[in-house]
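The same subunit A turns up in both complexes below, where it pairs with subunit B and then with subunit C.
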Partner chain A sequence: MTDVAEDSATGVDQSDRAAGARGHVPGDPSMWFFVIGDLLIFGVYFVVYMYFRVQNHELFLHSQARLNLDIGAINTVMLLSSSLFVALGTAAARAGNSADALRRFWVALAFGAAFPLLKMCEWIPEISAALTPGTNLFFMYYYVMTGMHLCHVLLGLIIMCFVIRNLKTSQQPKISFVETGATYWHMVDVLWLVLFALLYLMR
Partner chain B sequence: MTSLIRNPLTIVWALLTTVTIASSLIALDGGAAHQINTTVTTAVLLIAGVKAQLVIWHFMEVRRAPVWLKATTSGWVVGLFALLLGFYFAGL
Partner chain C sequence: MATAPNPEAGQDQAWRKNRKLDQWIAFWSVPFFFNLFGLVFVPLSWMMPPRSPSSTTPHIVDFMHSHNLLIACVILTLAFGLAPVSNACYLMQIKRMSVSRAFRYSMMIGAITGAIVGMLFPMFCFGLGAFRPGYSPAVLTMLYDFGYLAFIGSLGCFCVMWMAFGLAILLDHNNILPKWLGYYTVWQYMTELIAAPVWIAKSGPFAWNGLMTFWFAMTLYVPWQFIVYLCIYKAIKSQPEAELDNARPEPQRAA
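After this line comes the complex of A and B, so read on.
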C-alpha cells in the first residue's frame, strides 16, 4: 500500500507497478540459483582476501597505494549507470514499451562496455610498471579477483546483446528473458561494489 | 524525460553515485595512504554494504520478491560484511 502511494507520488513508470505483484521472482529461478551460488563463491574469496590482508597490513597498504583510484571510482559509476538503465529498460519492456526498452538497453550496453575499456587503461600501465600477479600477494588477489569479475562483465555484455536482439526482433519480447539478463547484470554490479571497497578504499 | 528523472530508480542511482564519490573522498582524506585507518575502513565497508543492499533491493527488484529471496540476499550482505569487519578488527 505504501509502495503504491510512493509510486503515485513520484510518477513511477506503469511498468514498475506491473512488476508490483508481491512474491514475484524476477526472471528465471535457475538464474537466481546461479546468482546466489556466485555471490557465495565470491563471498568466500572476499573473506579469504581479508584473512590474508590482516596478516600483512603493510604489504597490502603499500601495494594498494599504487592502484588507480580514479579509474576504479569512474568504473563504479559506469556499472551503476549501466545497472540503472538495465532496470529502467526492464520496466519499460514489462510495460510493453519495446522502443523505450531498446533505447535504455543500448545506453546500458554503452556504459557497461566502458568498464572493460577503462580496465585496460588501468591494467596496461600497471603491468608496464612490473605490477603483475607475481609481484606479491596483494597483486595476485587484485588480478585474480578483478580478472574473474571482468569475465563476468564480458559475459554480462554478451547476455545484454541477446536481450537487445530479443527486444529488437520480437513483437512480443520475452519479459522473463529480459529480467533474467537484468538479474545477472545487477549481480555483476554488486560484486564490483564489494571489490572496489576491498581493493581500492579500505585501509 | 521528467518521469525518468523523478523515477525512484533514478533517485536510487543518484544516491549510489553520491555515496561512491563520498567513499572515495573518505579514502583519499584518510591520512597517509600507507597507514591502517579503522575509521576509513569501517566507513567504506559499511557504505559498500548499504550500496550492495540498495542494488539488490531496488535494481534486482528483491523488495517485491518472496521472503526466501529477501532473506537469502540480505543474509548474504549482512553476513559478508560482518565477517569482513570481524576479520579486520580481529587482525589489528
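After this line comes the complex of A and C, so read on.
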C-alpha cells in the first residue's frame, strides 16, 4: 500500500498506475462503511445470543435439534455457490468481458434466489408444527436472526438485479458498482456462515 | 413610502425574506418537537424507558391514573401537529434527488401511518386512562398494552418511511445527502424490524423493554437521528437559491 501511495505521489506512467489501481478498496467506500457496521450489529446479536444460550443451555440444545439441518446445509451451499459466481463475474467485469460477467451474475442470482425459496420450505413446516417465535427463546432468536438475514438476502438480490442491468444495458459498465454489489453479497454470505454455525451446528 | 434605508429594519426583514425560511421553520421545529417529546415521555410520565409488559395490575392502574401522565397527554395533544411540520424537512430534500417521486410519496405515507399508529394511538390509550378515571383495571391493562404495543410495535410503519429515505439517498445522482447516511439508514430500519417480536414476548430480550428490541435499537436510532438532522442542515445550507421552489425573479418595484 505504501508503494502504491508513493507511486501515485511521484506521478508514474500509466502501466504503474494500472498496477496500483489493483490495490484499491473494491467498490464504493461507503459500502464498506455499511459492511463493517452491519457486521458489528450482527456481532452484537451473536454475543447476546451466546449469553442467553449459556443461560438456557438445555432449552437451546433441545430446540436446536428440531431444526432442519439438511435445508440449512443446502442453503449454505447455495449461498457459497452464488458468492463464487459473483466473484467470477466481478473478475470477468474487471477484465472487460461483460458478456461472461453477465452470464455469471445470472447464475449467481439463480443460486441466491433459491435461498428464500428454500427458507420458506424450512419455515412453513416448522410453523405448521407449532414451532413459532412464541414457542421459546431459541425459536424467537432463530426466526428473528434468520429473518433479518433473509431481509439482507432479498436486498442483495435486488442489488444484484441492478448490477445485471448495469452489465446488460451499459456499453462501459461501472466496475465500482459491480464491486459494491459483490462486497454486499459476500457479507450476506459471511453472516449466513456464522448464523448457520450458531443456530444449527453448535452443540 | 420611499424612505431612507433603515439598517435595523433591513435586518429585521432579512430573515423573513430568506427564501429558505419554509425549510428552516420545518428544520427548527425538529429540536423543539423532540425536546418536547423527550420531556413528555421521560421525566414527566416515565413512560420511557418502557415499563415492564408484565407489570402487575395495581402498578398499571397507578400509572394510568397518575397526574403526570395526564399532563403528558395534554402536551402531546397540543403538540402532535408538529410531526408533519418536522417531516417536511426530509421531504423537501428528497424532492431534490434524482429519484422517482414514488420514494417521496412512500416516505410521506410511511410518516403518516407511523405518526398515527406510533403517536396518536398511544396518545388515545394513555389519554383515556388519564382523562377517564372510571375504567375498570382490566380495561386499563388493555389500554396499557395497546398503548405500548402501538408505540414500540409500530416501528414497522416507520420502516417503510426510512426504507424509502435510505434507498432514495443511495440511488440519488445529485448527492444531496451522503451515501454512507443511506447505508446507516438501512441498518436503522433493519433494527426497527426487530421490534416485531414485542407482540409475542412478554419478558426477556424481545419484550418491549428488552435488550434487543428496545435498548439496542435505541443505541442505533438516537445517534442516527442526530446525524440525519446534521446532514439535512448541511443540505439546506448548500442548496442553491435558484433551485428553490419559491425561486422567482425579484418583483419589479413601481417607480
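Operating definition for what follows: the second predicted complex is superposed on the first by the 180 of 203 C-alpha atoms of A that agree within 3 Å, B and C clash if a C-alpha of one lies under 4 Å from a C-alpha of the other, contacts with A are read in each partner's own complex, and residues count from 1 in each chain.
Going forward, a residue touches a chain if its C-beta (ideal position, glycine included) is under 8 Å from a C-beta of that chain, and two chains touch if they have at least 3 such contacts.
Note that the coordinates shown come from a computational prediction; the quantities given were computed from them, not determined experimentally.
> Taking the superposition as given, does A:Pro133 touch the first partner, subunit B, the second, subunit C, both, or neither?
Touch partner of A:Pro133: subunit C, not subunit B.
> Which chain makes contact with more of the residues of subunit A, subunit B or else subunit C?
B
> Touch check for A:Gly37: first (subunit B), second (subunit C), both, or neither?
second
> Between subunit B (first) and subunit C (second), which does A:Ala65 come into contact with in this model arrangement: first, second, both, or neither?
first
> Could you say whether A:Ala197 touches subunit B, subunit C, both of them, or neither, answering first, second, both or neither?
first
> Based on the A-chain superposition described above, do subunit B and subunit C contact any of the same residues on subunit A, and if so which?
In subunit A, no position sits in both the subunit B and subunit C interfaces.
> Sort out for me which residues of subunit A touch subunit C in the complex.
That would be residues 28, 30-31, 33-34, 37-38, 41, 44-45, 48, 52, 132-134, 137, 140, 144, 147-148, 151-152, 155 of subunit A.
> What residues of subunit B sit close enough to touch subunit A in their complex?
2-4, 6-13, 16-17, 20-21, 23-24, 26-28, 30, 33-38, 40-41, 44-45, 47-48, 51-52, 55-56, 58-61, 64-66, 69, 72-73, 76, 79-80, 83-84, 87-88, 90-92
> For a test of understanding, state which residues of subunit C touch subunit A in their complex under the given definition.
178-180, 182-184, 186-187, 190-191, 193-194, 196-197, 200-201, 204-206, 211-212, 216, 220
> Per the contact definition, I'd like the list of subunit A residues that touch subunit B in the complex.
6-7, 10-13, 16, 19-26, 32, 36, 39-40, 43, 46-47, 50-51, 53-55, 57-58, 61-62, 64-65, 69, 73, 76-77, 80-81, 83-84, 86-88, 91, 179, 182-183, 186-187, 189-190, 193-194, 196-198, 200-203
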